[in-house]
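Quick notes on the structure that follows.
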Amino acid sequence: MDSVLDDLVASNRVLAREGVLDGFGHVSARNPHDTKRYFISRSRSPALVERADLVELDLDDRPVRPTDAKLYAERVIHGAIYKARPDVMSICHNHAPPVVAFCAAGIDMVPVCHLGAVMGQRVPSWDSRDEFGDTDLLVSTPEQAASLAATLADNWVVAMRRHGATVVGRSVRELTFRAVHLKLNAELQLQAIQMGPLSPLTAGEIELSSRTNLSDAVVGRIWEYWTSQG
Amino acid sequence: MDSVLDDLVASNRVLAREGVLDGFGHVSARNPHDTKRYFISRSRSPALVERADLVELDLDDRPVRPTDAKLYAERVIHGAIYKARPDVMSICHNHAPPVVAFCAAGIDMVPVCHLGAVMGQRVPSWDSRDEFGDTDLLVSTPEQAASLAATLADNWVVAMRRHGATVVGRSVRELTFRAVHLKLNAELQLQAIQMGPLSPLTAGEIELSSRTNLSDAVVGRIWEYWTSQG
Amino acid sequence: MDSVLDDLVASNRVLAREGVLDGFGHVSARNPHDTKRYFISRSRSPALVERADLVELDLDDRPVRPTDAKLYAERVIHGAIYKARPDVMSICHNHAPPVVAFCAAGIDMVPVCHLGAVMGQRVPSWDSRDEFGDTDLLVSTPEQAASLAATLADNWVVAMRRHGATVVGRSVRELTFRAVHLKLNAELQLQAIQMGPLSPLTAGEIELSSRTNLSDAVVGRIWEYWTSQG
Amino acid sequence: MDSVLDDLVASNRVLAREGVLDGFGHVSARNPHDTKRYFISRSRSPALVERADLVELDLDDRPVRPTDAKLYAERVIHGAIYKARPDVMSICHNHAPPVVAFCAAGIDMVPVCHLGAVMGQRVPSWDSRDEFGDTDLLVSTPEQAASLAATLADNWVVAMRRHGATVVGRSVRELTFRAVHLKLNAELQLQAIQMGPLSPLTAGEIELSSRTNLSDAVVGRIWEYWTSQG
């Protein structure tokens, strides 16, 4: 358990330093010993999150233990996806700028290099307008969260029109790796499409690259690097 | 009062670190106890401003107490807007590079993501040439400042052609949030228009997102983050 | 010997700080006293590499001395090129983002300024698909590495489609200089082609500039700078 | 005299930190008490330059006092311009990336904001090919330097095709201000031309803005900021 909580705190810091999270966004981890519960920070900027900031919520996003802590309004994203996806053990909602640029333009993100393959075969796009009309764009009701989870389906990333992205993984480290490389791939895709037509990875390359990139050896190597950076 | 002055010093530092202000630009706060007066730094680069640098000016931009301090030439912007807009409690004039790029190109800034909604429904553009012909582009006379304030009208941001922007808020923290996210939205809009036609927020989304983003909870969360960064 | 090992450790750090290597990528140096062997770090992020992380491998990429250290999967690139190119004394495989953008777009990198001339007359491009079909894009078999080395031929850089680049040099310092300026030139080429048709260096200019840039005086000047940066 | 030497050391550091100079480039100051001589660092990366690195050269770029120090090959640029332009008291040759992008593309730099006005009415472009054919692109002979100075004529900046720029000023601080804002304006111009047709400053605006920007008050304000940054 301790290792999950340590990884969750580290992920907050790493994602902040790598430019995936800034003052906003949040990352959570499912409780491996009680899969109907998950851990997430109280409402606090990710760069500042410490172990004592973590709270445990049920899948309806209510604190398991009484608390005065203010909670993220968009925590409903986490509960809805943990309900819909038993394989998912960690979730990050973020506004990484290169990713938001694609969500603003309404252009699909696709893997243009081997590390980008971790986004998976397809990144579906969810538009709050489709079902909910004019909103503040936040996903703050269970209905909105369930709709987002349905669009995510069995993929690893869902783009959120004019807002950001929600990324999922089978562990905190896998989730962190995917969120960082989604952002890096978006930067590359933006540069590449200014030079000519895209030639993204094939379905086979995505499958094979993704498996290699998410191996313990590869994720472990960069995790050591990320967590050593002050 | 102390809290306003503390926030004003912090805003100078935050806006410098976030790349809104560099060696130039300035930020002010209206005196909440005497609304015909405002506080602003003596002429000094924002990153260096300390409490002792603050001076109090009347709405004709004259020091309330005798001082030898050199003052910003463009302080007239502040007096003119505080006169025209009783609701405005804080003002920032800046040359944030992504914002100036739009002012150089003569392209309207529009919200392309939920956080950008804080710029408001419309960002009018002021061109010093229209009334004043060839100038040094600085707003340094009461007439120029009054013209700028008239173009701002009841909006939250006025773009200044080939120069920068002036941003206003109902508090120092709201102003700071708006100035930072105006800059971030400009970066995103620039990237998005290289990929395809824009689909900005609707009027309803701007209204709703802006209200959420400027709530105490949201601004407070990122203010803690910003003021903790060295 | 010590100077080669010191330079190799320094090169890892410099290339990480200059944004050529990040958590991934690797750099090696041939043993000047036994040219059938080379030094490279155990599998570790370049920013963290210390003298004790270096291992010595033969040209079939097997450790010369028994070791428990995990090794880079793509170390086969190094052995294959050292076999094929007796003049090469140092090699770096990297995913520098501006370089990967060109590899994603399938656009040739060419020198657009005098410092970019160090990439040489031509940067051939290798596509793993041509001979090997769908893979994880890593070069991890001797056959793939030999194919890459054949495409490199007698050039100084080989672009790797949707992946990165492999850069070679006649010394660690020359290699480091070339890898950094390949990246800087890619950034400039990307900006320049957004403004108009390219007018790259002539073959004569590439030859003359490259010779000057790779002189001991020029490389020594910037090496002092790079190694002094924390 | 001391103040000139102090400013020259500070300018090396400031221009390095502001991204105008990197490992390469150089900045000099004419001796105000003997206008046939100038000060410049020995061949060293600008970020590292200290008072003890400064040497005094005559206008044929020979050391006034015997020295073993290695000198910049391109110091001939300085002597030639000091000969041709009695009003010039300080010179910087640099490869600031946004400036080199324009020199690679062959596109004229023009002021797109008030601070960019300090580049002056016109930035002529010099191409080493025109008179000297294939070279290593460095300006390393008196003939090349005289040709460059002739193209500079009575302007404040000369663009050097596929290479960089040489900037001049009437003081070290003016020169520093101009070199930094030439770079910032190039970044803005590059972004602006991706959005639509340019509308640069008029000749009158350039004249008036430049005069204001180069006043002691404005330069002094940012000089305090720049020299306070570590």
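Assorted remarks:
Note that the chains take the letters A, B, C and D in the order they are written out, and that residue 1 is the start of every chain.
Please note the rule applied: contacts are C-beta pairs under 8 Å (C-beta built on N, C-alpha and C of every residue); 3 or more make two chains touch, one makes a residue touch a chain.
Computed from a predicted structure; not experimentally measured.
Following the contact convention of this document, no chain is adjacent to both chain C and chain D. Chain D is reached from chain A by a rotation of 180°, derived from superposing Cα atoms (nearest 5).
Each chain gets a centre from the mean of its Cα atoms; the one farthest from the centre of chain A is D. Here chain B and chain D face each other with different sets of residues for the most part; under half of the interface numbers are shared between them. Taking each chain's centre as the average of its CA atoms, chain B and chain C sit 46 Å apart. If each chain is reduced to the centroid of its CA atoms, chain A and chain C end up 33 Å from each other. For chain B, the set of residues touching two or more other chains reads 193-194.
Pairwise, the chains that touch each other are A-B, A-C, B-D, C-D. Chain contact summary for the complex, chain D toward chain C: residues 22-24, 43-45, 47-48, 70, 73, 95, 97-98, 100-107, 129, 133-138, 161-164, 190, 193-194. The residues of chain C lying in touch with chain D in their complex are 112-115, 117, 184, 187-189, 191-196, 198-202, 204-205, 208-209, 211-213, 217, 221-222, 224-226, 228-229.
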